[in-house]
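In the part that follows, the structures are each spelled out as structure tokens.
Here come two complexes built around chain A, the first alongside chain B, the second alongside chain C.
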Partner chain A sequence: MSGAGGAGGGTLLAVEDLRLHIDTYRGTVRAIDGISFTVGQQESVGIVGESGSGKSMTALSVLGFTPPGARVVSGRVSFEGRDLLALNDAGMRAIRGARLAMVFQDPMTFLNPLMRIGDQIGEVLVTHRGLGRREARARAVEALRLVRIPSPETVAGQYPHQLSGGMRQRALIAMAIVGEPALLIADEPTTALDVTVQAQIIALLRDIKEERGLSLLLITHDLGIVAHVCDRLYVVYAGRIMEEGAVRTLFARSMHPYTAALLASVAYDEDAGGTVSFIEGNVPNPIDPPPGCRFQTRCPRVMPVCRRMQPPRLPQGGDHAVYCWLHAPELPDVRD
Partner chain B sequence: MTDRRPPAAAAAAGPRRPGAIGLFLRKYGENRSAVAGAMLVAGLVALAVAAPLLTGHGPRQLGAVPLLPPGAEHPMGTDDLGRDIWAQFLYGGRTSLLVGLVAAAISTAIGVFLGAVSGYFGGLVDDAIQRVTEMLSIVPRYFLAMVTVAILGPTILNVIVVIGVLSWPPATKLARAEFVTLKSRSFVDAARMSGAGPWTIIFSEILPNALPPIVVQTILAVSAAVLMEATLSFLGLGDPNLISWGLMLNKAQTFLTIAPWMAIFPGLGISLFILGLNLMGDGLNQALNPRLRREAKA
Partner chain C sequence: MSGSSLPIVLYVLRRLVQAVPLVVGIVTINFILIRLAPGDPATLLAGEFADRATVDRLREEFGLNEPLWVQYATYLWKVASLDLGHSYRFRAPVTEIVLGRLPNTLLLLVVSFGLSMVLGILLAALSARRPNSAFDNTASTIAMLGYCLPMFWLGMMLILVFSSLLGWLPTGGMYSLRGNATGMALVADIARHLILPATAYAAYFMAMAYRLTRAKLIETLREDYIRTARMKGLSERRVLFGHALRNAMVPVIAVMGLDFGVMIGGAVVVETVFSWPGVGRLMYESILSRDYPLLLGIFVIVSFGVIVVNLLADLVAALVDPRIAYD
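Here is the complex of A and B:
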């Protein structure tokens, strides 16, 4: 089933120059300001950023699910060769759940409290495959088994409040994979969970990705999770990409000051008792962003050019690319 | 966002043993006036259902002495034509209950459907439905019902349909409010993300969560419909072929001074039934609404 109808070059999802603006009374919020990324067949890609960097919004706009007031100003989202932004509601519904599924961050609120787990999982199949309730229920039990839920038959007949947080998150993952999608988007799938459970869920996501041969787009603020699960990584800041590349490359030789700062702020065991490094300042106001690089207000190595002009994408060999003037072969003349 | 988890979810915090229904019954049972209300309603329903078993007289059977006060042979006395009022009371209860239940079912079905569509889709659909609802709400309902029944003819079917069709605005407003809050809940997003269409979401995701207040509203709609039917009958617009409490009151007017029992018993029937339904409505509201319950504890 997986890989059917894939676009050429092994690319499953390609987002080009996506811009999403939200109109508010105080002005236009540039939540996503020109983000491009790709997810290959059976590839696992991470999008990492702080709160408010636009990473969740990026995932939602791929699914055609933008908040009221938000509009996609420009960009293309092509998935299995189709432009998702051009699809109408019915076309989008046919893809959601069937080819493209999402795992949400809070397992408490994303399950319907008055619906049995098995019925909630099976509903995807009733919607997309026209299966009968009974068969959908049987497949739901299968999906629950896949996400390593013990005694799935029992759990399928239970209500969300009867499950623990980790079990609910597993149920949500089962709900996402039961339709056998090609791409699974996970938005902060572990944020609401205990640390011990987080590790299990991460391992589960990785295993399922391997077993089912699907692609994974992981949205997170946690570099540790990315290191465990992802092949490639996009670092996003204030609606723009700062650096992209293979996880190994970025962890070993990050070139953007923001990536470096993010890596430095991960607290390791050996730092216990020591100081935790953090990034000074806050994400700039997205309503009226300064011209030039978005990270200029907090960058320790800011130069005059950073305050004037947006840095271009500078390929560094392989998948690695950085958006930073520090690595430009020559700087443009910025005196006026 | 305020916590509007339905009782099943709210119950998760407490011991899980009794199950949702057991828990509901326990909560409901704690409220004495609600239990009294349920008993009143159940009692009157039982009387109406078991009517033929409880009296040897037919409701229209002539022959006894007219205007007999309550006594051993006729526990509620007789009317001006010598018919047994106890029998009329029992059979009249059947009519009142039938009208109440069916009319409330009609008005709730229309109201919840319109409210759901209005609240879920929003925008122009919402505006259109809400304006129509408001227009219907500001027209005096009793007057409109009287005129309509007078034009269509006073049959039981007409009375039921007219009451049902004129009484949906409160259910619409309530369902709309529920749907507006519930549609922004995350599990609705999750359903939408997995490709569910609007009707699936309305009926299988949101509606079950909106039910508690709708159930309460339906109970109150039954009592309003019973009262409305009684009023119409009292004014001579009920079905003349069927005895109802309202019709009995109508006939009693002339003899109010010499045979007050003709008015007292059907009046008591209406009052007790409506009282019971309202107490039940309050009790259900408290047992089903987690917010009210918490306030009661605090």
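Here is the complex of A and C:
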């Protein structure tokens, strides 16, 4: 692991070789298969991948939310010097909402429909700071103002169904930051929103990160959002990291064929008859994946070694590193 | 929602007005049904050995000689003016008799309903926390039994065990016969008499409340906003009772309100088995003695009660769930 880049200095969150397996009737799914990443103080880090790549699962397991049947097979999640995987329930609860908070994907379903917005936000402070309801409500109104909700006093007294999707996502962000956490994890925070609202929420996340001096871990499939918000970026595919580095570096000279393909699929190509480029082939079966590189089934530049051995982490200077045999100084001998 | 209470008042008024044709319909159907049944109330009232003249006099007195539609029209008019007629058997106004028995039934009903809701929901919450745990399996099996056992059979078994065999509790009635207790002693006496019928009565409804709440709660605990609550660092108890239970209760309240009619049916059984001097037993007795005005009067009052309770259930649901609008 290279030291965290970005603004603030020291490492806040370090995930090392995290492996999470899910037992199903058809076999064991290797949802996360050895992912390592760091988030520095006041740094903004993106984890990018397509659906099923394990990026959301990674975020959830940091908070200790693993789905039924899932078990963390190995790895360390150290946050502010503590190993989160070793914490008991009470220890984890003390951190959730207070030091580590999360914004989820769908603002429509992640708010309690029967509770006033102000109470849902204030509850964080009632739990962690022992505030009374009245004081918690006042602080909730402040949090709503911070996320730029117009007339926050009114909204605090309203129920989720009275708000638009964008307003609800703002309320969820207010709920996440009201406890003044050190790290905010945002899992696809704009996927369920209208395009115009998406831009507002992204701008808000970036502003809040700056104003509150917190670190941001953004889980997304959208490279455009990453470009707007993040300092560094990890590209994950089928439970493994493919490439990592500063956003600028990766956008300018990506080295992994998967990153290149992702970047190509973002652009709407007018010259090519207005088509959108996509990546051919299928994601490998996460139950019994083939040995070697996970991207081998879709890689346009696949070599025999890719089908045999998992590529090692190859540092490329600075934060940049790639997991691809193409950039190995020498290839291991894989002849049969 | 908050602020003005006018929409609620208007809603209640509208619902009550809507209930009028319902009550008229119920009265009509019951009136027709009961006249179709074989048997002549005058003969029954006069007794087996009465002479013809006595029977005729009774017929005249109670208007049983009039054509059916006259009897019906007269009855409807009287119901509308809150006069439910005179009981053949008790020779007293129906309203007076029913209202005299009503508090006894309400006592039984409220205690049983309260018991079944509180216990049923509490056990459901504990079960839903860990579905398929030993606790859940035990509670669910007991609930299944409570749901399946006929109320009258359970009542008789309770009498057999706790009254006949163990002699701990009275077999029936509401007061001790020789007792002339007052104050707290009277309350204690009634409570002793209440335990068995309330248990027999509550078993079914507790089972129902338990099964409904448990199923809804397990479903609710998978909702996304439960994850949000956990993300905030709330304790599992707070997540369960503060977030999940309230959401799960919305449909439970609606169903329990609808099933209030079933509870009335239960009252007839339990009050008869335990000789509880309530409206249910009164209903049973009036059927046996073909006391038409009394039976019809009970129907009217009970159906009005069911309508009011349904309205209450809807109001409580709207109170719990702000998404339910009063329209």
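Note that in this section the second predicted complex is superposed on the first by the 321 of 336 C-alpha atoms of A that agree within 3 Å, B and C clash if a C-alpha of one lies under 4 Å from a C-alpha of the other, contacts with A are read in each partner's own complex, and residues count from 1 in each chain.
Heads up, the rule we're going with is that a contact is a pair of C-beta atoms (placed from the backbone, for glycine too) under 8 Å apart; a residue touches a chain by one contact, two chains touch by 3 or more.
From a predicted model like this one, the values you see are computed outputs, not experimental measurements.
*Asks:* Chain B versus chain C on the shared chain A, clash or fit?
*Replies:* clash
*Asks:* Return first, second, both or neither, reflecting whether A:G97 touches chain B, chain C, both chains, or no partner chain.
*Replies:* It touches chain B and chain C both.
*Asks:* Does the superposition put A:G157 against chain B (first), chain C (second), both, or neither?
*Replies:* Second partner only, chain C.
*Asks:* Return first, second, both or neither, reflecting whether A:L250 touches chain B, chain C, both chains, or no partner chain.
*Replies:* Neither partner.
*Asks:* Considering only touches as defined above, state whether A:D106 meets chain B (first), chain C (second), both or neither.
*Replies:* In the superposed model, A:D106 contacts both chain B and chain C.
*Asks:* Who does A:M175 touch here: chain B (first), chain C (second), both, or neither?
*Replies:* both
*Asks:* Touch test for A:V124: chain B only (first), chain C only (second), both, or neither?
*Replies:* In the superposition, A:V124 contacts both chain B and chain C.
*Asks:* Look at A:M115 in the shared chain and tell me whether it touches chain B only, chain C only, both, or neither; answer first, second, both or neither.
*Replies:* In the superposition, A:M115 contacts both chain B and chain C.
*Asks:* Under the stated touch criterion, which partner chain does A:L20 make contact with: chain B (first), chain C (second), both, or neither?
*Replies:* It touches nothing on chain B or chain C.
*Asks:* Touch check for A:I219: first (chain B), second (chain C), both, or neither?
*Replies:* Once the two structures are laid over each other on A, A:I219 reaches no partner at all.
*Asks:* Can you list the residues of chain A that touch chain B in one structure and chain C in the other?
*Replies:* After superposing on chain A, chain A residues 63, 65, 93-98, 101-102, 104, 106, 109-115, 123-124, 127-128, 159, 161, 172, 175-176, 179 contact both chain B and chain C.
*Asks:* What residues on chain C touch chain A, complex-wise?
*Replies:* The touching residues are 1-2, 223-225, 227-236, 238, 242-243, 246-247, 250, 320-323.
*Asks:* In the complex, go through chain B and note every residue touching chain A.
*Replies:* Residue list for chain B touching chain A: 5-6, 8-9, 11-12, 16, 185-187, 189-197, 200, 204-205, 208-209.
*Asks:* Enumerate the contact residues on chain A facing chain B in the complex.
*Replies:* 63, 65, 93-98, 101-102, 104, 106, 109-115, 123-124, 127-128, 159-162, 172, 175-176, 179
*Asks:* Under the stated contact criterion, what part of chain A meets chain C in this complex?
*Replies:* By the definition above, chain A touches chain C via 63, 65, 89, 93-98, 101-102, 104, 106, 109-115, 120, 123-124, 127-128, 157, 159, 161, 172, 175-176, 179.
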